[in-house]
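These are the structures in question, set out in turn.
Both of the next two complexes hold subunit A, though its partner changes from subunit B to subunit C.
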Partner chain A sequence: MNISGILLQLFQNTLVVLVAPLLLGWVNQCRAWLQNRTGPGILRPYLNLFKLFQKDAVLAHNASPLFRFHPYILFACMWLAASLVPVIATDLPLSPAVDVIVLVGIFALARVFISLAAMDIGTSFGTLGARREMLVGFLAEPALLMVFFTAAAISHSTSLSTIVETLAHKQFVLHPSLAFAAIAFIMVLLAENARIPVDNPSTHLELTMIHEAMILEYSARHLALIEWASALKLLAFSTIGIAVFLPWGIAEAGNWGAIPLALVALFLKLAAAGAGLALLETVSAKMRIFRVPEFMGTAFLLAVLGLLVHFLHGS
Partner chain B sequence: MIFVSTLLPIDVALGVIVYWLLLAFAGLLLQNTRTITRVIFPAGAAGALVLAAAALSGLGGPANVAVLPLGLPDLPFHLRMDSLSAFFMLLLGAASIGISLYSAGYFRDYEGNELGLLCFEYHIFLAAMALVFLADDAYLFMVAWEAMALSSYFLVTTDHVVPEIRRAGFLYLLIAHVGAIAILMCFGVMQGGHGDYTFATMRNAHLNELWASVTFLLALFGFGAKAGIVPLHVWLPEAHPAAPSPVSAMMSGIMLKTAIYGILRVTFDLIDVQLWWWGVLALTLGLITALFGVIFAAVQTDMKRLLAYSSIENIGIILVGIGLAITFHVFRKDAVAALALTATLYHALNHAFMKGLLFLGTGSVLHATGERKLGKLGGLIHPMPKLALLVLVGALAIAGLPPLNGFVSEWLILQAFLLSPGLPHSYLNMLIPIAAAALVLASALAGYVMVKFYGVIFLGQPREGKFEDAHDIGIWERIGLGWLALGCILLGVFPVFVILLIDPVTQLMVGHTLGGSAAQTGWLWLTPLEPGRASYSPLILFLIVIVGVIFTMLAVKKFYHGRLRHGPAWDCGFPEQTARMQDTAEGFGQPIRQIFEPFFGVTRIVPTPFDKHPHYRGESRDRIWDYAYLPIASVTEKLSALIGRLQHGRIHIYLLYSFLTLLALLAFVR
Partner chain C sequence: MENFYGQLINLFAALLLLIAFGMLSQRRVLSLINLFAMQGLVLSVSTMFVAYTSHQHHLYYSAALTLVLKVLILPWILHRLIRKLNVKWDVETLINIPTTMLVGIALVVFAFNLAAPISLMAGTITKSSLGIAMASVLLSFLMMITRSKAVPQVIGFLAMENGLFFAATSATYGMPMVVELGIALDVLVGMFILGIFFFQIRETFDSLDLKHMEKLKED
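So, the complex of A and B:
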């Protein structure tokens, strides 16, 4: 572990936490454009966070310490997850500590905590949201893991750095298994980040809401941290997708000269991914909550199919 | 000092067993609540500590042998402590320290004869389990096995005035004995006609493939009945809720592992051949058990039944590990076999801690509220914050979340799947990813189950009535639960040390270890084969999350004014909020019931619009009862009725039977 590696890691930690709301703003802005609206501007999420940090927090009488403590855990988990994905350079000092299975475990930890916090006040919406979140989660988590397993089986490693290096070095070969995995991954991304068609991030008070139902009781700084964590989660998922399916342009370990180029490549890819996400959300309609298990089941089966194709076909 | 240096681990273990037996009789004779709870149970915990220490020193050492001149003439008891026994004794000792200390507080309301008997059976149970691990001949093994089954039967039926508990006890005893018969026959096959039932003979006997397979199937059936492998699991959800909570903790955390020990002992030690389809069978059964257990756990409304089904799931995961280990071992992929076996043993150890912790936690809830139905609990984090914190550790651990211990063993099993080298059969290769997917699904569902378990009991508001007089746990309970919770954390954060402990066992069983590669990059990093392929450092992860949380808190504190108001819950502005509007346990499990409807026999009683007192009731039944057990029971009853015709109650007819039997025997023997 050398000093430049640590610096790079710190740089990435700072970068993700600052850039995350920008990606959210960009997606929302693209959505607005696609719907022929002017849109709130891509800096809106920052202003929202700023606004929330100004307000007085209101806490329900029934809240337990778990309720107050949860936003910090959620934020720390998502921040960690986003900092671990090799987005600009591989072989960061923290990358051996966490492989893809642990990454999924971190997301699961955050999900369990947010569901528990939602049940803490004991309101009807809170428990309902918690139940739905776990329902989406118990199918999304294995699907995500299967996607990672496909990539891991191709590169014979579960370490994200090795996966990215292996896939980046290969010439452009179309892995049929990765094609299945990519579709499954997009479905998981939509579900995990509370996007249409599974959930709608821009409405409140909808009977089919999932994520919003869980955080109804939060306000001010707690809500700001949760919103920020959601933005970090979206960034983490986008960068995971980029790292596994479009790894070209990333800087190898210790190659400082390649980093500016890697940064430019990353921002271009993120912009494209955000626009694509907005397009997907615009052309699809939100589905009934009872259809969500089918949607997630499809994602899971596609991911398993991808892994099977790899094992049978060898690529 | 010379005496100490010549004291072998096996002697210490024997000493602890005798000590436990003495404690058992002391409890039976004294029957004084104060003495039993304040002296005997803590003394039992001290014995467990000594046993764990002896086991620790016995791990990796040479096998100790002892012969006790007890039992029948010319048939002494053979004892042997090798690394496998030592590992399971370590599990027994380490987990029962916490359970015994907890019992010291938990049984304070029991009195007189009942407590005396309970203390007696409890320590006999402990001693019998230790003896199962030490036995080196079939005779002693069966004696210890039966002592274990009987003492636990009496513990389950502590509340024998309740008819359901007597029924649950009977079911447990029945299945335990069906299993015991299979184990007896398994030993019978293995001794190979020598008439010598020591394990040493069995190790040297060479069975052909057919007889080896028969042995394996009998062992899987017999030990599976004790472990709760589907379809022999039906006693678990009945017996666990019936027993007092420390007993449930002991049965689920430790006794189920004696069955795992038995399977490992027979498959890897006593039989010298193995066939690949055994592994596939164990893998498939394990997956079915894991998925079945977790799906049923998700729809339970009784907290102890929920945990019982969760135990079935974990036994399934352990069996998956055994199946993988057998398969890889047969194809001589011993590095991965060692990985799978390490994961199996690790998970067994983890489960003893996690499930012990959770069952004891339900005991405290039951004690404080008198309520076992999840639908009536809620909001217990307010009156019982210490218990809530300790149970949270167990719930997160069993949900398989990093950086706790449940995650490490699941991570290792998944690594074994992923690192599986090409196997010679193409359909085996196909099975591996499908099995991995099913296992991952089961462990994700475990998260669902644990959110339900913890959220419904501890969070929200009390659903019916207020638990204002619910008291937090006392000092003994706190120490017992704290020990188990500490185990969950340490086993999760320092995996390399645990793997080094398991190494002698895998060396013994598959001739390969994980420790060399696991520790090659230092104790901080867990690398199952080589660092480039996979690595995990729970301690670093733990520290980063803590640093992240503290950093965020400090930053928020610095930049935020910190004003905070308390108000009623908002809930989208709905004015009429009652505690009954929260999800009940049934509501929380509803999506799972809907998705997996074909698995359950669901009966619903739905009110009509004209009901004066509308009542909704839904029940999920285990279909295995209808398809397997009830037909077997009715066939048995018919057969018994036929055989019953032989009985007339007239003595000359019985004399005629004896005469005919003699004639038949004469004709045969001649």
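So, the complex of A and C:
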């Protein structure tokens, strides 16, 4: 642990928090292009956040302190998750803490708080959203864990840093098990980030919304923090996906010369991931809410298959 | 480099298993046929790689035969059939897909365990794929059991043949050419006969649902 390591960690933490809305804007812009619309421009999320921070917050009379603190907790959780992932370099000062199970735990913590806060005011929409979030979440979580276990079984470690080291910097090996895990991971990503087959991020139709129903009561800076946290969650999931399935380009420990290249690679990969996500959202239709368990069940199944195939080939 | 091809073949084997599960979960007949064609393509390409790595020239012919028969001719016949039968957009009501998938997982575990001692004895580069081949056979079998309509059952039968072919390739570098040609001809002729059967079944029962055939029993 040296001073440059700490500086790099701080740089990464600032980078993720600043880049997150850009990724969201890029996804929205790609979606607009694919749907033959002009689109709001990729800087739109920043302007939205700016606008929301300017406004006066409105709180319900019966809001408890939990309701007010929740946006900060959510934001902190997502920022922590996004900055723990080895985005540009492995073996940073925080790396020993980046256990994949811890990451799942952080997401679970955020989910518990967002559901509690949604039920806090007592509106029917909030409760409905919280229940649906839990329905999706309890099925997405084991699938995500199985995906991580597949990667962990390959590199004999649950530390994300070691996983990246093994996959990117050791001899190149094709892992069929990771192909299964990747598909399962994409399905989990769609569900966890409230993207289209599971939830529509741009709807306020009561029959279909999940995530939006939970945050209906929030306004101004609270809403801004929640939206920012959602953007951070999307970034965290994208970078986890990149770290596990496309780790090439992430700088090795102590290799300072590779940092600029790692940055370029990161932005290219994020741009590709965002465009892919937009494409996936455009070509697929929103599912009925009761089809979601089947969707998540398939994700879990694929992840389990990945693990089984890994043990079959014994590599 | 040899090792890399081995990994590539394993990757294709994994794809085969993935497609088998995709077929198990697919509700639409049209997508089912496309998945079947894709499975044939993966099978053909992986056979080609096995042929290249093991220098078994007869496997090239097998791969070409698979390509022509299972990627081009059979899907074409099936497409024509469902167009004539007008069941193109048929959505089949199945018993609960997630349950079927869970049974599928159990079958995969069973097949992997079953294949483990056999693949220890096999000396081929593809020996670890034997488990996947057996799993594909069992999954196709499961698909035949859980479907009620005639066309998906036939596709399940054809997919099972794919699995068997892959098993033969991974355990012993394929069957003798005569046997393979015989099977290919059998499958083709079988397909023609089944196609005629479909029309007969529909004419008699006004539906392709095979549970109507229980009426044929003599009490």
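As a working rule, the second predicted complex is superposed on the first by the 309 of 315 C-alpha atoms of A that agree within 3 Å, B and C clash if a C-alpha of one lies under 4 Å from a C-alpha of the other, contacts with A are read in each partner's own complex, and residues count from 1 in each chain.
The rule is simple: contacts are C-beta pairs under 8 Å (C-beta built on N, C-alpha and C of every residue); 3 or more make two chains touch, one makes a residue touch a chain.
Model, not experiment: these values are computed from the prediction.
Once the two complexes are overlaid through subunit A, subunit B and subunit C fit side by side, free of any clash as defined at the top of the document. Centred on subunit A, the angle reaching out to subunit B and subunit C in the chain A superposition, using CA centres, is 90 degrees in steps of 10. In the superposition on chain A, A:Leu174 makes contact with subunit C only, not with subunit B.
In the superposition on chain A, A:Leu308 makes contact with both subunit B and subunit C. Of the two partner chains, neither subunit B nor subunit C is touched by A:Leu49. In the superposition on chain A, A:Leu160 makes contact with neither subunit B nor subunit C. Legend: residue contacts after superposition of the two complexes on their common chain; A:Leu235 is shown touching neither subunit B nor subunit C.
In the superposed model, A:Leu116 lies in contact with subunit B only, and not with subunit C. Touch criterion met: A:Leu135 reaches subunit B, while subunit C stays clear of it.
For subunit A, the partner that touches more of its residues is B, with subunit B and subunit C as the two candidates.
Residue contacts after overlaying the shared chain place A:Thr298 against subunit C, while subunit B stays out of touching range.
With chain A fitted onto itself, subunit B and subunit C come no nearer than 6 Å, counting C-alpha atoms only. Judged by the document's definition of touching, subunit A residues 293, 304, 308, 311-312 lie at the interface with subunit B and also at the interface with subunit C. Contact residues of subunit C toward subunit A in the complex are 4, 7-8, 10-11, 13-15, 17-18, 21, 25, 97-98, 101-102, 104-105, 108-109, 112, 128, 131-132. Interface residues of subunit B, counted against subunit A in their complex, comprise 378-379, 381-382, 385, 388, 392, 396, 399-402, 407, 411, 414-415, 418, 426, 429-430, 432-434, 436-437, 440-441, 444-445, 447-448, 450-452, 454-456, 459-461, 525, 531-537, 540-541, 544-545, 548-549, 551-553, 556, 559-560, 563-572, 574, 577, 579, 581-583, 587-588, 590-592, 594-595.
Interface residues of subunit A, counted against subunit C in their complex, comprise 173-177, 179-180, 183, 293-294, 297-298, 301-302, 304-305, 308-309, 311-314. Only residues 53, 56-62, 64-66, 72-73, 75-77, 79-80, 94, 96-99, 101-102, 105-106, 108-109, 111-112, 115-116, 119-128, 130-132, 134-135, 137-139, 141-142, 145-146, 149, 152-153, 156-159, 162, 204-205, 216-217, 221, 225, 290, 293, 300, 303-304, 307-308, 310-312 of subunit A touch subunit B when the two sit together in their complex.
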